[in-house]
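I have a structure here, written as structure tokens, and I will follow up with some questions on it.
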Amino acid sequence: MIDTPIYIAGVGIHRFGRFPAQTLTDLGVHAFRAALHDAELPLSAIQAIYCGSVYGGVAAGHKVLGALGATSVPVVNVEAGCASGAAALLLGTLALRAQAYDCVAVLGMEKMPKGMIRSSFFDLWQEQAGLAVTPAYFALRAQQLLREEGLDVRDLAKIVVKNRANGALNPYAMFQSRVTEEEVLASPEVCEPLRLWMLCSPNEGAACVILARKAVLGRRKVRVAAITLRSHRFGNVLGEHTPLCGTAREVPPSPSELAAREAYEIAGVGPPELDLVECQDTDAARELLACRELGLYGAGECAQALREGWFLPGGKIPVNLSGGLLSKGEPLGASALGQVVYLCWQLQGRAPGGGLERCRVALAHTVGRGANASVTILQGE
Amino acid sequence: MIDTPIYIAGVGIHRFGRFPAQTLTDLGVHAFRAALHDAELPLSAIQAIYCGSVYGGVAAGHKVLGALGATSVPVVNVEAGCASGAAALLLGTLALRAQAYDCVAVLGMEKMPKGMIRSSFFDLWQEQAGLAVTPAYFALRAQQLLREEGLDVRDLAKIVVKNRANGALNPYAMFQSRVTEEEVLASPEVCEPLRLWMLCSPNEGAACVILARKAVLGRRKVRVAAITLRSHRFGNVLGEHTPLCGTAREVPPSPSELAAREAYEIAGVGPPELDLVECQDTDAARELLACRELGLYGAGECAQALREGWFLPGGKIPVNLSGGLLSKGEPLGASALGQVVYLCWQLQGRAPGGGLERCRVALAHTVGRGANASVTILQGE
Amino acid sequence: MTSGRAIASVGQSVVSVVAMPAKPVREGLFAASSEDGTVWLLGSECTKCARTAFPASELCPYCGSDRTQVSRLPSDGVVELCTLVRKSPPGYRGPTPYGLAVIRLTSDLLIVAPVETHEVLACGTRVRCGVREVGEDEEGNLLLAPCFRVLEVQPEASLMRVVGS
Amino acid sequence: MTSGRAIASVGQSVVSVVAMPAKPVREGLFAASSEDGTVWLLGSECTKCARTAFPASELCPYCGSDRTQVSRLPSDGVVELCTLVRKSPPGYRGPTPYGLAVIRLTSDLLIVAPVETHEVLACGTRVRCGVREVGEDEEGNLLLAPCFRVLEVQPEASLMRVVGS
């Protein structure tokens, strides 16, 4: 691959939450303008736009550009499930590497319906057969992890406690309040072992990242060291592609594992070099599974990692210091870029709610329907 | 831009039409397999997939890969209105130019609802106000063209006669029968001056193009000489972004004009070098407008061009020799790649229904909602 | 739309004058005089590039500037191009047929708008902005949308009622 | 799915034994014996990589080969993991609650399938494939979908009727 450095010139975000008075376009315009302002760039500097969204409908990104002032640049709307924003980031990065442009905007945005989403992912017959029940698949995956790592449901509650405590410090999170282990365990049971508060909420929001081949002067440079996107191999009965069968032996590597391996190789770093990780905590167990897939702990090592507080703020490798999806909620198309925006702030020492003392290398991870998994590694220079 | 040559390694198509027994995934699988077969490549050679679709829903391309045999490569679903397939082609080309991959598949597919589509493009209030009436905008644009070029409705009928005669020779077209000028004029009036047969039908189909950095041996090389995508500037009251206002003077260049200029510059060719053009004949007048935007005739020169048969088979520059959308119908996501597949066949002297004697440089054009316009220039070597 | 707030005070005047609860299909789309029934579409003028956009928007769609202000467009214009909509398009519950026309307002701005007519209007036909009823919303409010009328024809009673004469 | 044709003859046997018109939610999803009511899920075996997929597919999802053939999966298995679905998910019109489980079939294939239960089943619980009624389609056909039953529990009358005992 052509390895010209790609820099983040500016970032912007619209808080994640529920905003009945705002259209999807409004959310996107807000994040886009914030990013332009952050980059101190006029709209005319943007030579192409990649817009990640799952439920945005026809011409979602075009409507944002139209509202900002139509400049006739190429606009491509991108869907890759929970990794939509990351897929848009990948496309933007490759276009810059190909030297087709000097500066592009990568936008992610979503306005999700409330409650259980009737995804177009499932076929009609799967719905009819009672198989289109997303949280049950999360629950089965959680059970498997608990069994494999010798954990129990209290460990899951503790993840929620950690992430909500982190989120309490993040003004862009949907929930900005702490919860206790007992409250989490007492929240309504969704699918054994998952309680309601252990699941993230689909919601609304937008995030924008402006990429450029030259770094902005006068601010700490942040480079996209790697961005990878992978889909699935067949055989894992609990894979994110929601299969109905799998093999008992020879389970293939997951999309997250594949994306992580590739990203570490491209960036030339590994888990020991990471100062901060934002990963897909769609549910509390998913965070722990993601940490394993990303190599933050070895198989069978999770109980020890939790006992020793590796992933807490101030721990060996803080995970979801932003509050994660459990605090922010998950606006599908915006989610991955929301992570990138937060990591960029941390790398530049300007994170709201307090930054890490040392932050040089940070990783963002998403995984979901498709299957899709993305890993982004950012590096401060 | 990094200018490594990008070759078409293989092409495949699922006939355009209506196929109630086939799912969208079935159509995509068919075209994808046909392209792999054409390229004499195994699925494992494909390192990334770009899938253009407008109404495909969540994970459309992923489902195709899942059905083909999941290989874990990145899959990105792409929406850019009528230019969705071309946008996917642009992304694939840029990824190859960035040398991220050696070989990628670009898929376009659609399964359109019948009749007038309730597009998510329009806002609720526009629907309520009676403004969400797509053919009326086509009609106003047609009237403007007729006035500017001194044509009448018979000239539009003649375009339909030409394209349907071309389509009668194309086994992949939806309609494979000739029509007469009188029949076209006698078809039901939709919106003055457009009759039903002057409008293309939204339908179903799929097309796939495999791109590679090395050409396939033993067959005439076809190179993607340029692929451009542009959106709109504001001010044209009849622009494809369907605005409600515009300026009376200083009308900005259209997305098609912008995309064409850029493509000619990149490819280093102009209208005189073109041997064949496939363009967006959503309605009969749109073809003539497209020809002007692409520079195939000068403003005010249309009547002469028609009189002298420039765009007929055997004319100066045959337009929509495949039959165009008027014969093929328009499966939005597949449409642009359907053009590319056909042009590739022509450039390689293997077009069904008879090829051109000389075909070295060919151009494909789409334009539609967003606004989006794409221009692809293919060159035989 | 965030631009709604700035122009609500103008846009709401049309609502205040009708007996049955009524509202525009979009807040801030048009204004009406409670005295003589004049209807104005509401656009936005950009103080940077001096161009006018319709509907009004907070950011200028021509140049992107955020220095825009809501303004009344001229009520009168002439038909430039006109076609006829015979069947109700998706989501539309008003009367058919009607014309959809490109109208050149007296300010020279071109707009696309519905026109009350049963046939295609000739280029040059003089028209004036009015409103028409296009169904009800979920809360039982009468929905009003702009619709131009050919100047020679007398305004219809129903429209008179709506715009408050 | 194009694979439906090859297996329709097997899949339809379940329909022939019920009084009221009934059909599987997906053609070729399962087969049933008209003699003893045994129900088999239908998978596909790949002659190239020798792996089994469920539901059956024309192309092997593991290796992409088109050399696959429809095969009956074993009816019996044990629960590996199980959770409880309390509320009807979108589009589902069958009974609740029910279990959703990862089941290890005797062939060692793992499948995800509904299980008739009101509580979470322990790992190792022996189950057998059956079908359940999950509403009707637009033409009034009873829709049938696979559902495993815990082996120790007697089959319910409604299911007996459906599978033809």
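In this document, chain identifiers A, B, C and D correspond to the written order of the chains, with residue numbering beginning at 1 in each.
Basically, a residue touches a chain if its C-beta (ideal position, glycine included) is under 8 Å from a C-beta of that chain, and two chains touch if they have at least 3 such contacts.
Since this is a predicted model, take the numbers as computed values, not measurements.
Asks: When every step has to jump to a touching chain, what is the lowest number of steps that links chain B to chain C?
Replies: 1
Asks: What is the chain whose Cα centre is as far as it gets from that of chain B?
Replies: D
Asks: So, what's the distance in Å between the C-alpha centres of chain D and chain B?
Replies: Here the centre of chain D sits 43 Å away from the centre of chain B.
Asks: Quick one: report the Å distance separating chain A from chain D, using the average Cα coordinate of each chain.
Replies: Roughly 35 Å, centre to centre.
Asks: Send over the residues of chain D in touch with two or more other chains.
Replies: 61-62
Asks: What are the residue numbers in chain B that touch two or more other chains?
Replies: Correct list: 66, 69-71, 233-234.
Asks: Hey, which residues of chain D end up touching chain A in the complex?
Replies: 25-26, 29, 43, 51-55, 61-62, 81-86, 88-94, 98, 100-102, 104, 108-114, 120, 134-135, 143, 145-147
Asks: Please name which positions on chain B make contact with chain A in the complex.
Replies: Those residues of chain B that touch chain A are 1-2, 54, 57-60, 62, 65-66, 69-81, 87, 90-91, 94-95, 97-100, 119-121, 228-234, 241, 252-253, 255, 258, 369-372.
Asks: In the complex, go through chain A and note every residue touching chain D.
Replies: Chain A reaches chain D through residues 116-118, 122-125, 127-134, 136-137, 139-140, 143-144, 147, 189, 191-193, 233-235, 237-238, 243-249.
Asks: Under the definition above, what is the set of chain A residues touching chain C in their complex?
Replies: That would be residues 22-23, 26, 29, 42-44, 66-71 of chain A.
Asks: Please output the residues of chain D touching chain B within their complex, sorted ascending.
Replies: Listed in rising order, the residues are 1-2, 57, 59-65.
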